[in-house]
Amino acid sequence: MYEPQIMSFLCKWCTSAAADLAGTSRIHYASNAVNLRVMCSSRVDPQHILYSFREGADGVFIGGCHPGDCHYVEGNYKTLRRIALFKKMLPELGIEPQRVRLEWISAAEGKKYAQVMDEFTEQIRALGPLNFNEKALKREEQKNE
Amino acid sequence: MKIHYYPGCTLKEKTTALDLSTREAMLRLDVELVEPEGWSCCGAEYPLTEEKIIGLAAPARVMRQVRDEGGDVLITTCSFCYAVLKRTNYALKNDALKHKRINAFLKDDIKINPLTKEKTTGFEDYNGEVKVLHLLEYLRDYVGPPKIKSRLKRPFPGLKIAPYYGCRLLRPQKELGLDEPDNPHIFEEFLELMGCTAVDYPFKQECCGSYLSVSLPEAATEASYRILRAARMNGAQAVAVTCPLCFYNMDKRQDAIRESFLDFGGLPVLFFTQILAWALGVDKSALGLAEHAVPAAHLFEDKPRAEVTL
Amino acid sequence: MTKPQTKKTDKRVGLFVCHCGVNIAGVVDVEKVAQVMKDYPGVSFSANYVYMCSDPGQQMIIDTIKEKKLDSIIIAACSPTLHEKTFQEAARLAGLNPYQIEIANIREQDSWVHTDKDKATKKAIRIVKGHVEKAIRNESLEPIKVDVTRRALVIGGGISGIQAALDVADHGYEVLLVEKNPSIGGKMIQLSETFPTLDCSQCIMTPKMVEASRHPRIKLLTYHEVESVSGFVGNFKVRIKRKPRYVDATLCNLCGECEKVCPQVVPDEFNMGLSFRKAVYLPFPQAVPGTYTLDAANCLGLSPVRCGKCKDVCDKKAIDYDMKEKIIEEDVGGIIIATGYDLYTMQALGEYGGEKYEDVINGLEFERILSASGPTGGVIRRPSDGQVPKSIVFVQCSGSRDTEKHLPYCSKICCMYTAKHSMLYKHRVPDGQATVFYIDVRTGGKAFDEFYQRTVEEDKVLYIRGKVSKIIKEGDTLIVWGVDTLTGKKVEIEADMVVLAMAMVKADGVQDLLKRLKISTDIHGFLAEAHPKLRPVESLNAGFFLAGCALGPKDIPEAVSQASAAAAKIGDLFSQKELSHEPTVVPADDEKCSGCAICITMCPYGARSMDKERGVVVVNEVLCEGCGACAAACPCGAAQQRNQTDEQIFAMVSAMLRE
Amino acid sequence: MRVKLKAGPEPRKFIDRIEELSGENVYACYQCGRCSAGCPMAAEMDYLPNQIIRLVQMGLADEVLRSKTLFLCASCFTCQSRCPKGIDLARVMEAVRHVLDPKGKDAFGPNEISPELARELPQQVLVALFRKFSK
């Protein structure tokens, strides 16, 4: 079976804590994602996401605190705006916007975190491999022709 | 100016006083009321369960007709019609599923021209484009108090009128949005504009018993009695209503009320449009005062204000 | 997109993989992880051990750092929230900078959530590789140090503010107590007797007020308002507006002659509008400071030509029509916000007629009627005609617990004060009928339920379980439409007076101030605590502490406890020689900064500003909390978060994704 | 009087059906009784509006379906407008009426109106009444 690669950026205060809670609660879920902990979801630059795709990710997940719960007052609103705009750009690059997912998962929502991980993994599995570099190459070729 | 107007069944047959006075009054304000072609009954009661969603088709069809005739506003006076039309419109605008299901019903409509026998099909979806307004709202927001004031020929100095809202004008607030259900003003403001004194009493938004006057007359009798009594206790000389059913319960059935409650001395019930029409100078004979069970004609005796001032 | 340089580093990185008994080793092949990583570029040492956090485990780390001369270490173990501090401490003992420690979470986020050993091991290797790349690029950092101004500001002079100010002052620090009204005292001084002990509120409150005014370390600023606060924890600059009182408090001897001659009569706020005062007035007899205030909004005109009567009669020449508004600036190190609450407006509940019917009043109005110093001298009389009411209906949850139109929360104290109200009424009008409509009676508190039971059993107050729908008036009598849900009967009760236990809401007029201070509030406008359980009197904004009903409805002892707790937190702050601040902030690189100022708009703390002369952004690192929102927004790469630079993130991503 | 509360899915089915038909969450009700306190028809009812909700919450379908209250509700929405939880009781009443035996007798049918009365009544009353109380 095709195993997609997922890069996760998790905010330290909520979603990473939720991932820890899923652990202490021993909730099993798909192992396709590797997590990179950031202080706030607003630290995630669209460049980081694009870079992840280039480095072989088939999907990128960003987890932050629920609106109103941001440790840094309103970082998650910035993330929301940024990611929403960024997703509009993705089709131009030949990337399905569904490959990027932003979720608010609080420190108490270990179960939700596990569910979202399973769900997102299946979603990416259904989309198939991204082959970002091959696609980019092909586009270059077409341009040259 | 021509504006779409939905009289509803009752006004056409039984409560012509409301219809006539509305038309006459509006003419004095330069508004000609036109009915949407081929309108049907609105259904009187807004269906409250998903199972009865078909009930929304008739009012939706009326509003679609208004839109297709180029109208953007539809006014009504009957509270029942108002509630059904406005709530249907709200549902079509805010509930995607209802929008889909109702338009699925309406899609198969066939309209036949009675003269040419020509068939029209393939109507466009109705999306709640028409604004449904109660006449009170139209007067306040579209005609405006300054214009109305300038046309008044016979205001009612000092006449004490108790405005009666009942249920259908105010509730549910989210869908109707006419006024605060427990602190309404629009009717009072209208009456003050007419030169009357609006009587404040605690029963203005209580139910008159509605259709229970048929299935359980005693209950409606008591409900209506409590309203009339409170209005009288607070000094009202008449109650003003907007709804033919409230009128029926409080005017036509006032004899029954008096039989059950011997302390009650009687109180005339008026349509707000009769007050409007009279104040604007409409002839008394066009007010339909003969329809009243409780005599009300004596309230329309004021000397006309000198017409030369206009 | 910048590609990370495969940094040629001579840094020596060590890796310690923990088994955590079978917790990790049962799923992840820890030996393999350590083995594979041995050959990873930059890794100088790699080992695994059964319990890294145990004493021998820590000793092993310390010894290895020294022996192998490691510059940076990675502990692959449990979540950093558990043992990051432990390992940082161990590394510090070995002479390593704590910011050179990386924790790779292979337990909570790997071995505990996956069952396939092969996959879990592969995932562990990816995680560890990522952290190695980060560690290679980690800088040694030192906490940022700042001085502390040992002087506190307390905003709000109610019981919470007074208590907080007294406690801070008793700790030995100076305090500024700012109150917007002419006197301190807040809502508590308006109360009659307090539940469940029935001590007289004024009797227990006035000594505190006097103490606050006489304390050598408390500077009382009544009739003042905080305008703005700048700076940061330990070093705030506060701008405070002095509102003109038009009476010199130091000269006024309370003779009251001015009041006698003043022709302007206005409703008295202290008595909730149930009586009248003059435009020049003493808010209440025990007011602190004891001075008259001239209320300019109601004065006939601040000029001897217009009226001038008060000025004429003042022997002490205390009245000064030329007094002007003034802004004063003060330096403080910590701030306590205790701005209190207000009652929900009765206008919002049209069906109860509170705005229309004079005898439908709120709980605070009834407190004034009960109070010996109130408008009726403590005799219970109704506002409309001064008659002693023979029947009072009390309506609990007026506006509270209503998710649909009003406030969804429980106002917490109404059950108790309604019991008190009905009890006091029965004490004073023994033949009167007291009826309470309630949904639930909530009496969690010391001696609370006993008090409530006494109200019912001894004072024979009729409690009816049901919510009132409407109140109407017939003649002089109010009729309350309720229900007794216990018998299933709709009830109508005649009442001479109705007391509504109105919901408690955010204080009127402080929301703007809070916005200016960037103090976060909850959706109801109450102050938001840093953590609802573990940091209940702290704001998320460092240096701000919270107390009293500004945080949400509560009773007096709870407000006082919070005030003392907030004061203790101030003491905690002021007892430090200097403050440390996390150094993982986001500086701006002069060389790269284009001066676009996007990062300034991203910063919620005002840490970034424009150096207009040089056209670049400068950062006050003490204010930066290190969220990194600016770093993500910077188009030039000039804003790089320390130890989480873009380069580090790119390198981690590459290492984590590549096989 | 004693009722036996059934365990298992049976009572739940009735509750689910009412919630589905009405679109209202009957469990949102915390039984303050405000609906009953303001109901203009409460005096005539065997069960007060809040008790109808309570019976639905408990899954006591038979009790609810036998209640006279269902045919006393005039859909005046007074309860809805003051309910602290925003429950539209008129919808719940309508849902329960819908659940009543669909083939059963009309609660109120055309035969119960004399021709003289019919001539006098406003049309809307008849339409509304039959919509509410007949099959």
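For the reader, a short list of remarks on this structure follows.
By written order: A, B, C and D. Residues from 1 in each chain.
By our rule, contacts are C-beta pairs under 8 Å (C-beta built on N, C-alpha and C of every residue); 3 or more make two chains touch, one makes a residue touch a chain.
Values in this document were obtained by computation on a predicted structure and should not be read as measured data.
Note: the chain lying farthest from chain B is A, by mean C-alpha position. A comparison of the B-D and B-C interfaces places the larger number of contacting C-beta pairs at B-D. Chain centres here are Cα means. That of chain B falls 27 Å from that of chain D. Note: centroid distance chain A to chain B, computed from Cα atoms, is 56 Å.
Taking the mean of the C-alpha atoms as each chain's centre, chain A and chain D sit 49 Å apart.
Computed from the mean C-alpha positions, the centre of chain B lies at a distance of 51 Å from the centre of chain C.
Chain contacts: chain D has residues 43, 78, 82 touching two or more partner chains.
Annotation for chain B: residues 181-182 touch two or more other chains.
The set of chain A residues touching two or more other chains is empty.
Here, these are the chain pairs in contact: A-C, B-C, B-D, C-D.
Contact residues on chain B toward chain C in their complex (touch as defined above): 180-183, 200, 202-203, 230, 233.
Residues 1, 79-81, 105, 107-110, 112-116, 119-120, 123, 126-127, 130, 518, 520, 523, 540, 584, 602, 604, 625-629, 631-633, 641, 644, 646, 649-650, 652-654, 656-658 of chain C touch chain A in their complex. Within the complex, the chain D residues that touch chain B are 20-23, 40-41, 43-44, 71-72, 74-78, 80-82, 88, 90-91, 94-95, 98, 107-108, 112-113, 117, 120-129, 131-133.
Residues 8-10, 13-15, 41, 43-45, 47-52, 55, 78, 80-81, 166-167, 170-173, 181-182, 205-207, 209-216, 218-219, 222-223, 244-245, 247-248, 252 of chain B touch chain D in their complex.
Residue ranges on chain A touching chain C, taken from their complex, read 5, 7, 17, 19-24, 26-29, 31, 34-40, 42-45, 47-48, 50-52, 54-57, 68, 71-75, 78, 82, 114.
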